[in-house]
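Once you scroll down, you'll see the structures, which are given as structure tokens.
Across the two complexes that follow, chain A remains constant while its partner is chain B and subsequently chain C.
Up next is the complex of A and B:
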């Protein structure tokens, strides 16, 4: 039929992407699933054997795994609301009319934290939060706060850096959502009420919801796999104060070399992420 | 012909004849390497002075042999993982760099070849002047041997030493360093901890530093150990507990947040004049005596680590290099030639002068060298009385060290008592050893 794209053309366009995804995404996942069913320790390869769901049982009954999971969710529950509140505030300010050049500059500068490599953020943190020479203690009037060596302070430091790096992302996504609000609707609403909260709640929020759900899913997934910054900054310490789930998986898989157990942990983490994403979509997502 | 000319002719003839003899029957590196010229040897090096010293010397080796040495650099924390992945994947590494706690792992997996096997396979490349008895016996045993078989030759060798700031000690009225750990805590600690300065710092970051430099360093001098004769945990013994409790008590004379201090932080604190004494590896000597990196270079003195009730049991750490079994024949021979050259008696003094720490006894016989490198007398003394199993060297250590790191740090933070922490480590450590087959008799009780 004229105008209709042939099946061969469609396959020709889609197949390379599917093939690429299969190679870099699905094959390793299948391999991890296979590994998780085996005793598979890199330094004991002579003893590799099928052990069924034993690794999963070990993970699910491991107190240390759930402690790491608890810390990860605590980080998510503290950092994400801060990012949402600050991000929304920045988005609303940038959405106001006027000061075009300054807003353009502000938007550009928002990209900088996101563009900074995670590991570099961690190294920066080590220097800036150094108890004796760090700029943070200097800014606090020469305070002698032990940031990296104290469990509570170290956790607060991780929250600070996560908020610093990812609030701009939230702000840009929400700003994009605000620009979707039809100008005449917003203008009419502002003529009806002077309350910014009413405008936000009833006019702007419906347009922000798709972005908010995307932010929730992406930031949840990012937090669950947060690794580089924490590894370079605290390496999970002091003690286990900042040992989040991804650091624990790396420790088990690449420092203890138990790839089978680490794969089981990673699969469970994947399942938790998928469940959370589904919950977010079902609870929050609504088409405008 | 004058008598002078005659003597010169005789002397010249003699030299030529000797040279011809050496060419014809003697051993030379260049000649031994001839069949392997053009071979590339891949080796992992650490970002430490001992490896920089070898790198600086490498051009001479490459020129003489025609063998190319490809150095892949990693920080210590990555070196084990990188090598394990390379060996599992049948990669390119031709030399195995072995920390003393990795040797059981590499030997049991057959990734490193026994030295005798390599020498038997390539008899022509064995230097008649190798003189293996010239290595400090403790070092060769601990760093290069496993279960009675020698695999590697010691290359980057450490003993824990006490670095102290003579100026700070003199100012506080001391004319020398403490002889015992108890003296350090009870006498030097209160006198030197004031005005933002600290008497001592024990690097205790949660990585191998916590296990080796902090935890093990405190249990051995007090008579403790990780395992008893039956390979059960010995960490709740009165001796081990005394050492661990001593560490807790000593923390009042250390900087806050000592659990976040790695080697760099401790060495920098000492070099800045904020810490009076540290117990660190001999390898950091060049950092603290160089005016470029140390404000207290002129005040630095070195002594052996203090004694505990069980004597001086200094921290022991270091590396050896062995030939990788995955290398092909030419690479194995070339790798052996490189290892033999890097650890040779002939190069030992130059290695030391360039910042390395040699395990050759003969290198330290020259008193002039000891005057230049002040750590030498303390190092030689420390290597007389070390414990090879300072950290168990079996294949299970990577799993056990993770447990020690976690609970050792928790003890220091006061999150658990030393008894509770030792109990946790002991239970988990025994589970790892049980799975490995030590209690069923599947594996010999070697550490």
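Up next is the complex of A and C:
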């Protein structure tokens, strides 16, 4: 029968990959779990000792940890709607017939932000948003806005770059959905109504759903992972204004040297990630 | 009348989209051609005498060239390794029925979602104990955590598109599954392998955090180098932008080459 092969053949094919991922993906996690149960400070390595769940208790009752978590979800809740709205707008503009060359050019330019090294986005941010010689303040009519040094402005700047980098992604995903709508169906709908909103809501939306689900899952994951761009742009500052969860764990583990506490934070973040992934996959992949 | 206006607004919108996407790159490149004095002029100047000094200094005096070579070695090695490990697994996922197939898939998806900082902490300690901090091999291995899933995903999809009849014919001739994969399916799946290689390269080349934590000087990657210019006062903005330009140009070329598949790759196939 098709697809039925001996167990040995299956193992022969998947073993290299499973083995590889186990070594680099699972073994470190087990080690992190071990570290998280210990007092483990990089500059006091002689005093490593088992302390049970104390690190976890510290994390769960630590305001700073939950503030970083809240900040991370606040970023997701502000950037994602912007990305969806702008992305949908761009997708609809690109979906209109005509202007082939200009549209191809636009599609190619949309590829650029997504591929840009995150660290470079942060460095560009430093240059463009500089208070004195930054081009953004110049474009705002010679404004004298302190972007990097002010907590609210710094957060707005992070939102700006996240939106700049990932709106194209949302736009291209949604555009792929729009092109799945059968031409006759869309034309028939347009003969019935002049309202683009009606067409979007009743004809195009069903085709956009799988893409929207993918965007929601991936943007959530990427926001929890967000590190490079913020690290190069603000290092989490000023104060803790842009210290998102991954940056906070890095600070505790490598600038505060408390590997035990940071590992406990990392494990809790991992658990939250897995729960979210499970919920998303259960809820959405059933319906879509 | 109405259509002319809507056409005009469409053209305008397309131009705005292009401008917003491209402008930061324009600013990066022009800043990289400015001397430090010009770069620090306030308000910024748009017309100036360009110089390649930043590139010369960054590449040859500050050692950016070596970090670019490091990044290249690491990105290529991890990509080749990911393909060697990933292609057989992809073939199994596409062709065989076995228990645990769903769990394997879920494991890959979860891997895509886990924050790298979760792995960076223990990997740093392990690498330190094994004495492989600041070595290329460390980054080559850790980058597998995101490259392997993406290679497996894209190539599985590609294998699925190859008609099963070809396998059957070869099986009747007495070919083993491995021979079928290598001689029949792999040549046909090459486009998918190429795209997954481009992705793996881009992700590895772009990565900063592991590079920052796991290297010091010997194996320092280009993004980590760019960040190390950010210390102290009076930052060398021209040089930083020159380094950034050198980092970004190769990925942009690759991304444009794979632009048609980019969305599918980034969503791991969630969008067809």
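One rule holds in what follows: the second predicted complex is superposed on the first by the 264 of 288 C-alpha atoms of A that agree within 3 Å, B and C clash if a C-alpha of one lies under 4 Å from a C-alpha of the other, contacts with A are read in each partner's own complex, and residues count from 1 in each chain.
Just so we're on the same page, a residue touches a chain if its C-beta (ideal position, glycine included) is under 8 Å from a C-beta of that chain, and two chains touch if they have at least 3 such contacts.
Quantities reported herein were computed from a predicted structural model and do not represent experimental measurements.
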*Check the residue A:87 against both partner chains and state whether it touches chain B (first), chain C (second), both, or neither.*
neither
*Name the contact category of A:21: first (chain B only), second (chain C only), both, or neither.*
second
*Which of the two partners, first being chain B and second being chain C, lies in contact with A:254: first, second, both, or neither?*
both
*Check the contacts made with chain A and report whether chain B or chain C touches more of its residues.*
C
*Pick one for A:269: touches chain B only (first), chain C only (second), both, or neither.*
second
*Thinking of the overlay built on chain A, is A:277 touched by chain B (first), by chain C (second), by both, or by neither?*
second
*Using the superposition on chain A described above, determine whether A:138 touches chain B (first), chain C (second), both, or neither.*
second
*asked:* Quick check for you: in the superposed arrangement, does A:150 touch first (chain B), second (chain C), both or neither?
replied: first
*Looking at the overlay, what does A:210 touch: chain B (first), chain C (second), both, or neither?*
second
*Touching chain B in one complex and chain C in the other: list those residues of chain A.*
132, 254
*Under the touch definition given earlier, write down the residues of chain B that touch chain A in their complex.*
81, 84-85, 88, 105, 109, 205-207, 255-261, 274, 395, 398-399, 402, 406, 409-410, 413, 415
*Can you check the complex and tell me which residues of chain A touch chain B?*
42-46, 131-132, 144, 146, 148-151, 154, 234-240, 251, 254-258
*In the complex with chain A, residue positions of chain C that touch it*: 7, 10-11, 13-15, 17-18, 20-22, 24-25, 27-28, 31, 39-44, 81, 84-86, 88-89, 91-93, 95-98, 104, 106-107, 109-126, 141-142, 144-145, 148-149, 152, 164, 177-178, 181, 202, 205-209, 212-213, 223, 226-227, 230, 235, 237, 240-241, 244, 247-248, 251-252, 254-256, 259, 262-263, 266-267, 270-272
*Within their complex, state which residues of chain A touch chain C.*
2-5, 7, 9-10, 12-14, 16-18, 20-21, 23-25, 27-29, 31-32, 35, 90, 93-94, 96, 98-99, 102-103, 105-121, 123-124, 126-128, 132-135, 137-138, 142, 164, 168-169, 172-173, 176-177, 180, 210-211, 213-215, 217-218, 221, 224-225, 227-228, 231-232, 245-246, 249-250, 253-254, 259, 262-263, 266-267, 269-270, 273-274, 276-277, 281
